[in-house]
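In the two complexes below, chain A is the common chain; its partner is chain B in one and chain C in the other.
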Partner chain A sequence: MVTALRRKVVSVLLTLLFASAMVFLITYLVPGDPAVVVAGEQATPEQIALVRSELGLDDPIVEQYGRFMWGVLHGDLGTSLFTREPVVDIVARTLPRTMELVVAGLVVAIAAGIPLGIAAAMRARTATDGVIRAVSTAGLAIPNFWFGLILVSIFALEWAVLPATGFVSVFDDPVEGLAHQVLPALAIGLTAMAAIARQTRSAMIEVLSADFVRTQRAMGVPGRAIVWQHALKNASIPVVTIIGLDISRLIGGAVVVETVFGISGLGGALVSATTQRDFPVVQGVILVVVFLVVIVNLLIDVLYTWLDPRIQGV
Partner chain B sequence: MGASAMLKGPVRRRRRAGRAGGRVALGFLVVLGVATLLAGPLAPYGYNDQDYDAILQGMSGAHWFGTDDLGRDVFSRLLYGAQVSLGSAVVAVVVAVGIGVPVGLVSGFVGRRVDAVVMRVLDTLLAFPTILLAITITAVLGTGLLTAMVAVGIALMPSFARMMRAQVLVVRDRLYVDAARTFGLPGWWLVARHVVPNSIQPVIVLTAHMLGAALLVEASLSFLGLGTPPPQPSWGGMLREASRFLDGLAPQIIVPGLAIALTLLAINVVGDWLRDLLDPRVTSRSRRRAVPEATTEAAAV
Partner chain C sequence: MSHPPLRRLVMALACLLLLAGLAACGTRDGASADPAAAAGPPVAGGILRAVTEGDPRLDPHLGTLGTDHYVLYPLYDRLVEFNPEDLTAVPGLASKWEYTTPSTLVLTLNQGVTFHDGTPFDAEAVKFNIERAKNEEKSSVKADLKSIDSVEVVDASTVQLNLNRPDTALPLVFSDRAGMMVSPTAVQNGTNLDDNPVGTGPFQFVSRVPGESLEYERYPAYWRPGPHLDGIKITLLDDSRTATNALVSGQQDFIMQLDVADKARVDSSDAARVVVGPSLAVARCTFRFEKGPFSDVRIREAVNYGIDRDAINKVNTQGLGEPANAAVPSSHWAYPGAAAQVYTHDVAKAKQLVTEAGYPNGLTIQTVVVTSQDDRSMVEAMQAQLAEAGITLNVTVLDAAEAQPAFRERGEFDMFCIGWSGRPDPYQTYAALYPSASPYVVDFAEPAELQADLAETVAVSDLDQRKAAFAKLQDLVTRQNALDFHVIFRPTVQAMSNKVGGYEQNIYGKPIINNVWLAK
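The block that comes next holds the complex of A and B.
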């Protein structure tokens, strides 16, 4: 168990090392001269030279990478080429909003997805099951940003019951925070909800037909206890796998859905940096996201061993 | 006794239902494909014909799906937009297959250090959320239709490489490949004659599902203003323009999104159908048990 975990941690560190190298190399993959790309077509040679030295492109590549990694390890992700703001400050300002939305979306997805999946599995091949399956199949096909636009149109513009744009943290003002986050959370969580419902359904159908469930039924264990205490825990491993995959997808979804609701989170920072080709910001944001995804997946691996002690070699 | 006769009642019924759904979805895609190719003759207006006397109109006989903020016909833009959206999804998947399959093939067949390094790189790429990877590649290459297609293709490439590699690892050690190897046949011949044909089936199924993923990522990029530049219409770009004049439920906001959702749904259904069809031994349920709905999930970015 300990060696397996150690091996996993080494693998995670390697992934992070590779990711940082790839993110570092972004400026080298730019077709043509990155300094010209950043400075613009009309830039004078002096301006281009200035950008070049600012990006550190004059130094040998190994030295540049060393400096980049030294900065990353010391919490320095460089400064924006346009606003001169340290990238760490940009991330510190926008990341909490995005993460709050991701968590809200995850809560929606799990709170709706797992009960839906269980309900479908318990009534497999009935009308209830059919409706839930249809909803989850449709949920996988609906673009999250479009769902967000539809939600805004109905709840904010037609009925005017919820705010259309802006962000308030639930930690600052719980009531306003919930009002602002409910629509984005639904938009972000829809796809994940559909995926979790489908996975829960198929895993539960399988577990409910297992011998130990039959034995428990024969021994008179109440049906509710069988489903929620015993079967769900056994069905949870594939469901947790899907949730792990969903974290990455939820972050991606939040980045796009933020735009719909005018929330200036990580996505807004990334998109404007991409349009302006503000490479330090792009690099910093992407590195932070990858770091988060990798850490969450490590935690999920730990969760596996807790859910099923038979799993050793994660 | 035929294979279908051996299947039990419920399985056969489900298979038949899947087939009916698959046929409907395939029919939808064929009609959509034809309409897309014939957008020129079919569209009542040009995609950039502006009519300032008819701005942001609702549905009418003259404009089936209304007009946008510049008085352009939404139905016509939807048809022309299909050329961009579907066309770029196809190109992106071609890029993804074109890079991913050879990479997976070489990695799996050569093995050892090459495999270790390639897998590490692929795992790292898979740690990036697909849309963020596509945005990052856009930042590198610059915005535009062509770079969006390439960006989406590269972002989806690791899935193909991983699947191809996994298949090659299984086929590589099969007895008939060993037998061919003992004849002293060269590596490339083994690959071309035995490994590729016996590894390609799951890749075909993945291709179907990835077409949906590509459509969705391209739409997201265009919605963010990083894909197809105006005035060229794309479904994601139409939603971007409509979202700036959002004033309740209007056809301008419903129609392009519905087009994406229905197309994606049809692609997913056809993909599942293809999966059941190509591997008739496995019912869709028992397959899902083995692979946690991975292929269907792939389409949801």
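The block that comes next holds the complex of A and C.
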């Protein structure tokens, strides 16, 4: 187990190294010159050249990458070309909001997705199952930004019961925090909820038809206990897998949903940095996101062995 | 086995989706508020919550974004201000100005003005500012101040500018970035004005979160009757739709620039209203002159005849903008009248010009347009119209960071469509867009008369004479050489809560919120 974990950590580090190189290369290869943007629309070629050399953009790419990695190893992700704010500070400011949003979305997705999946499995091929399947298919098909807009028009504009934009942390103000996060969490969690419901349904149908369930029924174990204590745990591996994938997807979805709700999170920082060609911010933010995704995957792997001791791979 | 809670959850979700569908189809009646009736008499106090776009730089001499001004005006007074309706110069920090010779401009300054850090605003401060704006390596306003040779302090409230040529554009140049006065003490102490701006404006800087928000508070020692508000909190939101939601739901009070597409949503709200007016911001395309089809003036004329500016204006701005045939819109003091009405929509004429230029079977123009939705839909409309004249536009959409080097440095594309936000003095616009040295043209041999005609527009102070000189210059660039491909002036659109009073729109198109108030 320890050896396996060590092997896993090495592979995580290699993944991060590879990702950093890819991120760096992609920003380098993307057409568009940050110096042109920084210097502004009326800049002379001399001013642009000055900016370029000041930003170190005319150094060889290997040197630039070396400088970037040296900084990363020292906890320095560089500095925004535009605001000159350290990227670490930008991440420190925006990441907690995005993570809170992702967690809120995940809570919505799990709290609604698993019961819906179970309900559908227990009434497979009935009207209830049909409705749940229709809802989850719609959930997968509806873009989350559109759903967000719809939620805003109903709950914020039409009924005026929840705020339309902005973000308040539940740690700063639980009531305001919840009020601000309900709609974004629903918007961002819809797709994940749908995916979890579908996965739970199919896994549960399979488990509920297994021999041990029939035996338990025959032995008079109450239905509720069979479902929640025995069947669900046996059905949980594929569900946990889909939840792991959903976390990555939620982080991606946050980019768009943050824009709809005017939340200054990691996504917003990434979008504006990309349009401005603010490479250090793009590189730093993506690296942090990659790190998060890799860590989530690692945790999911660990969770597998807890759920099913037969899995020793870690 | 029955699970009522589950069933209820299913029903709730189904209802939510149904509701979502209904809301998407629903409409509200479009009762629009009467702007004049809104907000009543001035009220003191309150914090205005305003939304703007972009991540502004707060050093007025170094920033480059056209949207920076919205957040700079409350912090920095300008030497000269402008009449919001026709953009003629009116006193600001300078109470008057006079050309004692054609190359000598004397400014008389208001007294008793102080910067937010207590530094007195005087002739020395003006000298420091002009020299900074002129000499700072990365200054974005250098070009505007080229005519100034030296700045002399005559006495504490009088400054004399010695010019290397007559330049009557300077007063209005001083109503823009170049005339925004920063505290010399702050600069000399090494303060970074982007992080800690210090001006003489009605509001002083409190704090900033990059990419998120700015906070200003009223400057108690302001030299003019103070502002009504206690402060301004500016939120940066790039998405106009999100900003609209925040306004309509009462989370924000003012949107600095609203997309025309979102106007109807504000119109249908009982709590907010929209103010629309003309602006100097023009949607235009620039040609590659030295090679390709546009090296022939007839093709440049053909595209000008081939587009229907009225139709584009109706589609693109809901008719709120103005068809553009000159550097300034019709309400501007320098509007050149007949010189601006050369190219009317005439497909037959466009076709004939294309044939005469040696393309009897039509031609294809490689066009690049920046990613802005407004510019893209404008080019799509042009595409359809020009097709009737046998001109095919092959359109590539790139963002500005990529389009500019592609067009200017790498020699790609025949035509580049990107907006121009305008400048207070029309001379600045003509001098920026047409001479060979302009960064907006590539390898371009300017018409022989251009420099002489340009100089004429700044040789005299009298507005009628300047207007005549601009008309002559416009005739040179439009009728004689078709250097221009202006399409429409975009409207300037602000949206605000009905509690906001005292807002006055200006045709520069950049909102000034210094004097608004908030009704209780």
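Heads up, the rule we're going with is that the second predicted complex is superposed on the first by the 274 of 314 C-alpha atoms of A that agree within 3 Å, B and C clash if a C-alpha of one lies under 4 Å from a C-alpha of the other, contacts with A are read in each partner's own complex, and residues count from 1 in each chain.
Keep this in mind: a residue touches a chain if its C-beta (ideal position, glycine included) is under 8 Å from a C-beta of that chain, and two chains touch if they have at least 3 such contacts.
For clarity, every value in this text was computed on a predicted model and none was experimentally measured.
Within the superposed three-chain model, A:V296 lies out of touch with both chain B and chain C [touch as defined at top]. When the shared chain is aligned, chain B comes close enough to touch A:R249, but chain C does not. When the shared chain is aligned, chain B comes close enough to touch A:S202, but chain C does not.
Once the two complexes are overlaid on the shared chain, A:A112 sits against chain C while remaining clear of chain B. Once the two complexes are overlaid on the shared chain, A:Q47 sits against chain C while remaining clear of chain B. By the touch criterion defined above, A:T83 lies against chain C but remains apart from chain B after alignment on the C-alpha atoms of chain A. Contacts of A:I150 after superposition on the shared chain: both chain B and chain C are touched. Applying the stated contact rule after C-alpha superposition, one finds that A:T259 touches each of chain B and chain C.
Shared-chain residue A:L5: touches no atom of chain B or chain C. Residues 31, 37, 138, 147, 149-150, 152-154, 157-158, 164, 259-260, 271, 275, 277 of chain A touch chain B in one complex and chain C in the other.
Listed in rising order, the residues of chain A touching chain B in the complex are 14-15, 18-19, 22, 26, 29-31, 37, 125, 137-138, 140-143, 145-147, 149-150, 152-154, 157-158, 164, 191, 194-195, 198-199, 202, 205-206, 238, 241-242, 245, 248-249, 251-253, 255-256, 259-260, 267, 270-271, 273-275, 277, 279, 282, 286, 289-290, 293-294, 297. Of all residues in chain B, those touching chain A in their complex are 10, 120-121, 123-125, 127-132, 135-136, 138-143, 212, 216, 219-220, 223-226, 239, 242-243, 246-250, 253-254, 256-257, 260-262, 264-265, 268-269, 285, 288-289, 292-293, 296-297, 299-301. By the touch criterion stated above, chain C contacts chain A in their complex at residues 1, 3, 5-7, 9-10, 13-14, 17, 19-20, 23-24, 55, 57, 63-65, 137-138, 140, 143, 194, 209-212, 235, 237-239, 241-243, 245-246, 248-252, 398-402, 404-406, 432, 439. Only residues 31-34, 36-37, 39-45, 47, 50-51, 80, 82-85, 90, 93, 112, 115-116, 118-119, 122, 128, 131-132, 135, 138, 147, 149-154, 156-158, 160, 163-166, 223-224, 259-262, 264, 268-269, 271-272, 275-277 of chain A touch chain C when the two sit together in their complex.
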